[in-house]
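Below is one structure, written out as structure tokens; comments come after it.
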Amino acid sequence: MANQKVVLAYSGGLDTSVAVKWLQDQGYSVVACCLDVGEGKDLAFIKEKALTVGAVASYVIDAKEEFANDYALVALQSHALYEGKYPLVSALSRPLIAKKLVEVAEKEGAVAVAHGCTGKGNDQVRFEVSINALNPNLKVLAPVREWGWSREEEIEYAKQNGVPIPINLDSPFSIDQNLWGRSCECGVLEDPWAAPPEEAYDLTLSLENTPDVSDVVEIEFSKGIPVALNGTAYSLADLILKLNEVAGKHGVGRIDHVENRLVGIKSREIYECPGAITLIKAHKELEDLTLVKEVAHFKPVIEKKMTEIIYDGLWFSPITKALQAFLLETQKHVTGTVRVKLFKGHAIVEGRKSPYSLYDEKLATYTSDDEFDHSAAVGFINLWGLPTKVQSMVQNAKKVTV
Amino acid sequence: MANQKVVLAYSGGLDTSVAVKWLQDQGYSVVACCLDVGEGKDLAFIKEKALTVGAVASYVIDAKEEFANDYALVALQSHALYEGKYPLVSALSRPLIAKKLVEVAEKEGAVAVAHGCTGKGNDQVRFEVSINALNPNLKVLAPVREWGWSREEEIEYAKQNGVPIPINLDSPFSIDQNLWGRSCECGVLEDPWAAPPEEAYDLTLSLENTPDVSDVVEIEFSKGIPVALNGTAYSLADLILKLNEVAGKHGVGRIDHVENRLVGIKSREIYECPGAITLIKAHKELEDLTLVKEVAHFKPVIEKKMTEIIYDGLWFSPITKALQAFLLETQKHVTGTVRVKLFKGHAIVEGRKSPYSLYDEKLATYTSDDEFDHSAAVGFINLWGLPTKVQSMVQNAKKVTV
Amino acid sequence: MANQKVVLAYSGGLDTSVAVKWLQDQGYSVVACCLDVGEGKDLAFIKEKALTVGAVASYVIDAKEEFANDYALVALQSHALYEGKYPLVSALSRPLIAKKLVEVAEKEGAVAVAHGCTGKGNDQVRFEVSINALNPNLKVLAPVREWGWSREEEIEYAKQNGVPIPINLDSPFSIDQNLWGRSCECGVLEDPWAAPPEEAYDLTLSLENTPDVSDVVEIEFSKGIPVALNGTAYSLADLILKLNEVAGKHGVGRIDHVENRLVGIKSREIYECPGAITLIKAHKELEDLTLVKEVAHFKPVIEKKMTEIIYDGLWFSPITKALQAFLLETQKHVTGTVRVKLFKGHAIVEGRKSPYSLYDEKLATYTSDDEFDHSAAVGFINLWGLPTKVQSMVQNAKKVTV
Amino acid sequence: MANQKVVLAYSGGLDTSVAVKWLQDQGYSVVACCLDVGEGKDLAFIKEKALTVGAVASYVIDAKEEFANDYALVALQSHALYEGKYPLVSALSRPLIAKKLVEVAEKEGAVAVAHGCTGKGNDQVRFEVSINALNPNLKVLAPVREWGWSREEEIEYAKQNGVPIPINLDSPFSIDQNLWGRSCECGVLEDPWAAPPEEAYDLTLSLENTPDVSDVVEIEFSKGIPVALNGTAYSLADLILKLNEVAGKHGVGRIDHVENRLVGIKSREIYECPGAITLIKAHKELEDLTLVKEVAHFKPVIEKKMTEIIYDGLWFSPITKALQAFLLETQKHVTGTVRVKLFKGHAIVEGRKSPYSLYDEKLATYTSDDEFDHSAAVGFINLWGLPTKVQSMVQNAKKVTV
């Protein structure tokens, strides 16, 4: 009788390569599945390696555009910065990877899905909640969490089972990357008083090494979607990757964050998100121009909720769609162009324009073109301040003569 | 019979100097009152000038420390950035100025208070609501709003009434400043597509002119209050002014904002807040280390409300005290040191430490010192994802086999 | 040359009848426009009366279904209760009336629209903001606010101008009504310590006079819309009117509220909303059964915002559509039946069922059918409580032995 | 060598009596601890029974006043209704019980604390998070969750170990009670379509059996604290118990709720809270009179957070104190008297008065005493509606002639 199949989220690294063997030990046939969500993987190599270490089948999927359009775009329009800082790099890709794993599992008739997360990170939660939501019949396995080996024990097992040991195994960092950014943790970073070492960074130049001449980019948005750079149209994935390059060269988007994980601990993480940070800033400025005040002041409530829901692994909860419906409605007139100067780690918005701009020079001006009704302010202030005035009269016991 | 007295918020500029005369024309005796809230005014000169143009008395008040401790500190602990960008420069000083005007008015037996705001800004609202709250018996006059003159008409009146015309009258900008920052509007800034000209700035160097060597400052906080720089204790006002200087030299704190005014229009404003931005970033990082997750995730709701209340001129509404009570309670353990690198327009937090740090290396580490219970995650994920799983089973009509 | 036209919101009462004459005095031709939004007006009589008092044209519009489907339904799905109490009776009809006035004005080529509100209520704001949003070219007139007459002066003017004086002019109350409810203010109600007199009510029986036998109704919802009562399908307007009748008979939906008006004062109002209250309660219970926790806990934030936006006259702000998009998404599975016992002023939900119920007896039960994984709780609690535990260890200085 | 001690939360019922024996089997000496938080327990009997079934010591603590003043009062001032319905009965007492258990454990030198909760309720979370926060050195045991017996197995163990079987063991319900109310679950209640049977209730009469004559009570509040009933001063615990009696007689406070538990499932619960519901209604009405609009509209955000924090077992998180600080500040002028008619299941507020009332008849009236400035509304509306008007002009492409 054939073994039951498990679909493993395969990265080509040591952990998931060892997991192929370990899952076989548990009696499964392993189907490897690797996604490119913009980190620039060598998919052909990974596909082959999976088979080499024992997978019965090996899928590689270029999911860059799907990731850009269905996930990164939501983060962009939500100005998603967890705790005001982290642009949701890994948190965004997990639901998409889960979706693809489930699709492959259903196609392959697998009974389980496996991921390579440990027991103290957020990603295990994101994978498992997503998989359970997409197909509650699938069992979820977490080999790395389950085997509980030390690094040495894992390497010993790898050697005994013919799993190749990567040459860069001594990297002190744990990295994850996609087109929305790159995260880095561990090693010296575990001391929050220590500055991150330069080798923790890869997508961005240090301020000291950035060019002394700025680049200026004009980003064009249509209904909240970035569609062109300097007049050239790009697919969203390509546009983000392009921006990662040019903004990264100028050192934009380094983030050093002591954050509250979902699993109850604080951790210190380094992120690099040159494209994401540039786009979020530009998009916000275009909203400042085109959103009416009530929307501009309430949207942050939606943004904060969306950010926390995604961070907390609840992408496939119905709340996400409801929040997205709100977002979508707000983007109808977020159309226009933002001019951004990339320089010395900054993405400085120098100008913004839109056919739907609510900035009205005739109302705002202090010149003689002024069309604002100054006398209206008297009545406005009278009523706006009335509750405070009555409160003060009654409750602050100020003597009042009528 | 003697004229009734009015206390005028006097700046020494053309508008309020003309207002002295204009108020006299209305039959008032004018008591001038000028505050220094950190903009570095020549108080002696202003005091004299008020008398010269006709005031019957002239008060000058150094309110820097009161402003720092009772107003700027609230903004700092609230991480107050209106619409995510504006650190409430003028909005913060208005209630204090109103308070001092009312105190002088009560001392002088005045029947009215006057300010020099026009009819389309936020400050008229802030002044009038504050004055009404503090003493509802006082009448509030707004000469500039009331006379409705063009610039030319005002100058003509000044000439005819012996009011000296300042030599820098041609400045294209309208400026306000205090120790929390400097605001600048008008002129070329009224086109939101145009980059602000260099002459719009005064407190900060342009990135192109900042030094190529960074300054590193260690800011020490005690219960959320900045108390020392690089080991030297300062009063809060002095500390902020000191930081304005060093951070300004590195170009920190330039802000270019298209904002929604309370009076219903969008305007484009330039702000410079080198000290404020540096302190807000440093304070937030210390909170990231010392606030428990529930507080860290809810405090932004309080911060947003506080920011809007202050912006909207409602400082003396009872809501402010209630929000402050919340804030104060959260600051008990916000004690420690933050190391900030000032460089090329950035205030980069490189390290943070606290005796009350909730970052626990033993829990966060991926080394063998790990004390985190990895197996707990299994149960956690099971319950955390249960609502989403049940929802999916029932409402997404996924066939489930038990 | 013909007079310019104004479209007047005409009710048939004294104020708007006098307004016809008064507007003529100002040089307008008056087009009267009266809507039935469920208050059971005699439209034929009102149409005729408008012409009698001098209108050049008279429109009467049965807008009950449009009001029910496009306005009351939003309030229902928002569980809209301003300040936790007031179901937005008048606030809901004003935008619809404004919309119809603007449509008539555009059809008639009128240059202005007029309403009969005074200067201290909320309705003037709702009318004027709505009309400005729908057609900023139209001038808005408020005759009653403008003429500033006492009751006696108004009656005198009416007599001199042949405007008939209604016989029930001595009513001590000011009433507004539509199918979502009835509001009543003024007179003895202005003392908040006094109980409302029985004659302030009209749609509901007093508890003392309600039947001693309950009625039980089964309300069927489809995607959040009430579609049937006791198995009989109704249009939404008819269903609400039907419920007003039966729930009113049982005294359901009396509300006595001291509320904060938009214009800065507190007022005391009496409302009767038998159908609205019954439907809101039933709808909430069906949501309790069918909404996943994350949606159930966040939707109140949307509801509160929607309620305040509507109360504050901002129906035609883009925020409304964005909030509605959120709402709509949440209603997809709010399908099912709620059994309500109407008795002694109560609408008691006794039972609720849905094909999309997320209540899972197998998980909830304490019998041997229990499928809940009890052991999962251990890990859940461990991580759920971890931040509080670490905080306590570090910041409460509890001595801990490891 | 003596056994280590465990302090057990002891109720006198079967589960915790069996737990005494079971903990002894695990090698512990058991110290029983029973609190009266207003449920009217026979403490002497319970104290004795604990010793009878084998406890080495037995504490009974009358914690009614502490519960009323430090816990129920917070719920009252928060108008705490979880999911709009549940007044936090059990959720409120758990942190206090945990506190007392920890105090006894520290006094007795115990190494552990034990509670009788199962693995699928909220109370296990509340107990364990609280105990961990108060003394992280104490181990927490959950015998009932751990033994995992069926009812029959438990009874068999009891018989074999000489634990007396209560005579009312066949009760189909699981009950918890304190002075803030009574909860009831299980049995027939597990079908949400079925109406709760009359025997599920104990504190309230059914509507059918309530008196035909109302009781009217005047509740006096001082700074948000209820201090007297009908002119007679009571301690808070006594006042609540008194109200439970009189409001219960009139059938006030029955609640039937399908709620989202923290542990991820929906459950159906019946609550009776006659005193709590009456006090919450009365307190809210006094706030309606005495809180300024900004506070009244923001306080619900604090209330919702406080309610969820308490429900979710996080009472001892620092967030609670910060929320309480906000609350406390808002209660300064919540002083006055509320007249409540108790009748047919209703607590109807008929009148409210306060020396700090912000309701100003001179501003609110429509009589000739009116002091409101009607003309102010024109300017107010102009600016209030300006953003919506500009948005409409620009983005709705309405042709506008100037």
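Labels for the chains are A, B, C and D, by order of writing; each one numbers its residues from 1.
Note that a contact is a pair of C-beta atoms (placed from the backbone, for glycine too) under 8 Å apart; a residue touches a chain by one contact, two chains touch by 3 or more.
Since we're looking at a predicted model, the values are computed, not measured.
Listed by label, the chains touching chain B and chain D alike are A, C. Spacing of chain A relative to chain B, judged by their CA centroids, is 31 angstrom. One finds 40 Å separating the Cα centroids of chain B and chain C. For chain C, residues touching at least two other chains, in rising order: 260, 263-265, 292-294, 314, 317-318, 332, 357-358, 360, 363, 373, 375-378, 380, 382-388, 390-391, 395. Chain contacts in this assembly form a complete graph, since each chain touches every other chain. Within the complex, the chain D residues that touch chain C are 83-84, 118-120, 124-125, 128-129, 132-137, 145, 148, 150, 174, 185-186, 190-196, 207, 256-260, 262-268, 284-285, 288-289, 293, 296-297, 300, 304, 308, 312-314, 316-318, 339, 341, 343-346, 348-353, 357-361, 363-368, 370, 372-378, 380-381, 384-385, 387-389, 391-393, 395, 398-401. For chain D in complex with chain B, the residues that touch the partner chain are 260, 263-265, 291-292, 294-295, 298-299, 301-302, 305, 309, 314, 317-319, 321-326, 328-330, 332, 382-387, 390. Residue ranges of chain B in contact with chain C, taken from their complex: 290, 292-294, 332-333, 356-358, 360, 363, 373, 375-380, 382-384, 386-388, 390-391, 394-395.
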